Amino acid sequence: MGQLKVAVIGSGNIGTDLLIKVLRSPYLKCGAFIGRNLSSPGMSKAVKLGVLVSDESIGFIEKNPDCCDLVFDATSALDHRRHAPILDQLGKIVIDLTPAQVGVMCSPAVNIDEALKSRNINMITCGGQASIPLAYALSLSHKEIDYIEVVSSIASRSAGPATRRNLDEYIHTTQDALKHFSGAGSTKAILNLNPAQPCVNMQTTLLAQVSNPDMEAYRLHLSAVVKNVRRYVPGYEVIVGPTVENGRVVVMVRVRGLGDYLPAYAGNLDIINCAAVAVAEAHARKLGAVPVH
Amino acid sequence: MTPSLVREDCRRIIDGRSDALSALRGETVLIIGGTGFAGTWLAETLACLNDDFGFGCKIVLSARGTERFASVRPHLASRRDVRLIRADVRHLSELPRETNWLVHAAATPDNRFHASSPVETMSTIVEGTANILRALDPLSDFRRMLYLSSGYVYGSQPWNLAAVPETFAGAPELGSPAAAYSEAKRCAETLCAAARSEKRAPITVARPFAFIGPYQPLDTPWAANNFLLDALSGRSIRIQGDGETVRSYMYGGDLAYWLLRLLTTEEPGRAWNVGSPHPVTLRAFAELVAGHVNPVPEIRLHAAAHGNAPRTRFVPDASSAQQKLGLDLRVPLPEAVERTLRWNRTETPVSGAPR
Amino acid sequence: MLESSERSPSIDGGPTKTVLISDPSLRDGNHAVKHSLTAEQIAEYCRASDAAGVPIIEVGHGNGIGASSLQLGLSACPDEVALRVARENLKRSRLGIHIIPGFATIERDLSRAIDLGVDVVRVASHCTEADLTERHIGYARQKGRSVFGVLMMSHMASVEVLVEEARKMESYGAEGFVFMDSSGHYLPGDVARRVTALRAGLSIPVGFHAHNNLGMAIANSIAAADAGATMLDGTVRGFGAGAGNAQLEVLVAVLHRLGYATGIDLYKLLDAADMAEKKIIEAVPTISSVSIVSGLSGVFSGFLKPVMRVAAEYRVDPRDVFFELGRRKVVAGQEDLIIEVASELAKTRSAA
């Protein structure tokens, strides 16, 4: 079969970063880099890298369905809701990086197998990708979790107008995902933007209320899950805990990005892209793709 | 090997004040438009900081005419700490990933070009700046950008305003092609402010006024250039009006030091005037120039065949930079003139010129 | 500077200057008691301050509605109960809330608060992040409430940036703008400069919220009023985060003496303060050594209790923790960093 052919829709900074990761992947090949404006910096980069580009948006895939078997959608929730049925019709596997939440939520270190059964997989939120592994590990070591809270701090410069306008959606989506993956009674998500220069790396803290906290058991499961996460996000690191402080379970991770096309401090954006590529590669392997090194 | 005239200037200007620039140590400084007057002086100053003060900066100069630069300025182009990138800002989409500091000095200050090609003038400035701002997004270790705007953004300086402060609300003539350069600079400044506000991009703006010194091509028809050319050619110095028009001139070396300080300062301040606050009438300036030529040339007023050249004023109020950053001019005007003449004589000897 | 004879309207002959007082005793004060105010305390204070004619009473968790959390502290009294009780006990005074996007959402918190009868919505963000408030301000406006934009930790932005950010809030429809000295860092000149610049850049009224870490809360508030601010926050006995706020009874007394009208009955306000001291305020705020350090280092006043607790746990000097938090330019809401800083300081100490 060779490599799995993929297309990226969305030629902004996120889509361009995704493109670079795809080109680096031994399992994936980029059949098309698609957007709306041929003169955007992302398009110029794609051209420089020898990738086929198009400004016809989803129309290009409709006209050239053989260009790809899997599509990364890095456009917007609104656009993805339009794209999803079209891509489904065309039989494409879709990895949704928007907040549209059409398909199955996936945190690769937690439920990659479930994701592989679906043809539309969404990458939840940045805070979700950072915290769900921590919440999942907690659920493996503790039968009853009353409450989980996740606080993420990101560099103000890594949050563009779209993130800012959709803050509420981010909070609700992250909370729902946390509940889904941990079985906690209730959840809360908080997002802090920090304008300090030099820009701060993404930092996520999980706080939880459990009866009879067992940090030994948590540490064991946590280190296994974290090891798994680091396979696709090398910059993911536990920096404090797990520990019990003031009656709460506390664990903190820092996420430093790869800096492919996004600044390295934007670990929040990088973790979603890394997770998306991890899902695509898993699909590729399942379909029998042969890695090219 | 005796240091060049320019190197001597840089040493003198930096001396005792290098600590203020220590944020640049070991960093990569990109100068877009790096082969022009400001760019070359910046490169010289950074080279001096490297050679004499152990700064270890990497200097990247980006411009359209890098080949010509390499041939006329080999002492800079061939340095190991200097890298040349050939690029046109209108088509720029990427910056070197390791860029820490950026000075955007790309624009043609040649008013003849502004008159003949106002569209290209505007697009280079506005689109070029927009491209650069977009290209900042992926940089991981970016500290700050300094945008070189222009003292022309204020429009005409009123005669009774001795010096223009940054808060002056005047503007160029609306809708006039003669205002193409000024309006484009104003637009670019607003783009920088918008990027600061929306993307939190760290950007400072400098508004440079008028400068003399080595690396200033003398063929642009400015009064200062005309006087210097006249003097170098052994001609009498011709002033078109009554000589009462007021200007001020800062030396290239002081310009470069001021720009690096503005680039690296934590002091918030949206825009800073850069230029000499010491006014001089054209007549007095001509006399200054004449005094450095032997034999002393004649100064001819009202050299324009007919018509009344109006008196104008173009002098910055630079007290913000002076007071908040403690900046001053180390090369006073008479010396600036003397060194400019000396450099031009040795660099490009004009035939028949007295020495 | 504060000559009362210069200000008395009967001598001047000019119109009386009015200052709109907003009283966040039941909100900022929650910081001082680890968000443990009860429904009963809320009810009693609302009755007393309503009787005194305090124009706006702000109620909720120290970090606003929807902020009850492990990160910022759990409220003893859920938002819904607190607002209901307050609404029942405020007849003339308006019921206000503080809300920070990122902690609270429209769907979960703001819409419910408005349904419960909140009159005044103050949407707040860190001083450089005004664009986070666009949707929340828009929603409250749509629902016909009084909406104000608030910038917190305002000392962390230059005056120019502060004005730019405030203008964003005005463009979103805020009918007034308040800047906060959340760490008690300002001196009167700092405040006057900002009010002057804000008034020049905005078409909406400007207000100020003081903290007392450097003993300047009253002076700063008066400086704001003298520079043209027409809204001021004050809490009884200064009951608020860290070293507390501008002490409301003192502020009102001084404002009246300077010829500003507030519509507040001073005697009844003093009664409310006396009652609050007995029944609500655990300890009348003083300026502790640590508060001075936090004020100097410009760290959010609401960090005082968590810093003291965590510093004791990790056996490090709380003053060192504050300086390090200040150095890192930590913003309100980043309480988790206190643990990180303390643990790093502890590691350095044991490595030394």
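Per-chain residue numbering starts at 1, and chain names A, B and C are given in the order in which the chains are listed.
Note that in this section a residue touches a chain if its C-beta (ideal position, glycine included) is under 8 Å from a C-beta of that chain, and two chains touch if they have at least 3 such contacts.
Everything numeric in this text was worked out from a predicted model, so none of it was measured.
S.K.: Have a look at which chains touch which and call the overall pattern line, ring, star, complete or other.
M.R.: complete
S.K.: Measuring between mean CA coordinates, which chain is farthest from chain A?
M.R.: B
S.K.: If you average the Cα atoms of chain B and of chain C to get two centres, how far apart are those centres in Å?
M.R.: 47
S.K.: Which integer distance in Å separates the CA centroid of chain A from that of chain C?
M.R.: 37
S.K.: Counting only residues that touch at least two other chains, what does the list for chain A look like?
M.R.: Within chain A, residues 156, 161, 195 contact more than one other chain.
S.K.: For chain C, jot down the residues that touch at least 2 other chains.
M.R.: Residues 128, 131.
S.K.: Where in chain B do residues touch two or more other chains at once?
M.R.: 198, 200 - these are the residues of chain B that touch more than one other chain.
S.K.: Mind pulling up the chain B residues that touch chain C in the complex?
M.R.: The touching residues are 197-198, 200, 268-270.
S.K.: If we count contacts the way the header does, which residues on chain A are in touch with chain B in the complex?
M.R.: It comes out as residues 13, 17, 41, 44-45, 156-157, 160-161, 195, 197-198, 259, 261-265.
S.K.: Which of the residues in chain C come into contact with chain B in the complex?
M.R.: Listed in rising order, the residues are 128, 131, 158, 160-161, 164, 168.
S.K.: Which residues, counting only chain B, touch chain A once they are in their complex?
M.R.: 93-94, 97, 131, 134-135, 137-143, 198-202
S.K.: Per the contact definition, I'd like the list of chain A residues that touch chain C in the complex.
M.R.: Chain A residues touching chain C: 147, 149, 151, 153, 156, 161, 164-165, 167-168, 171-172, 188, 190-196, 203, 205, 207-209, 239-240, 245-246, 248, 250, 252.
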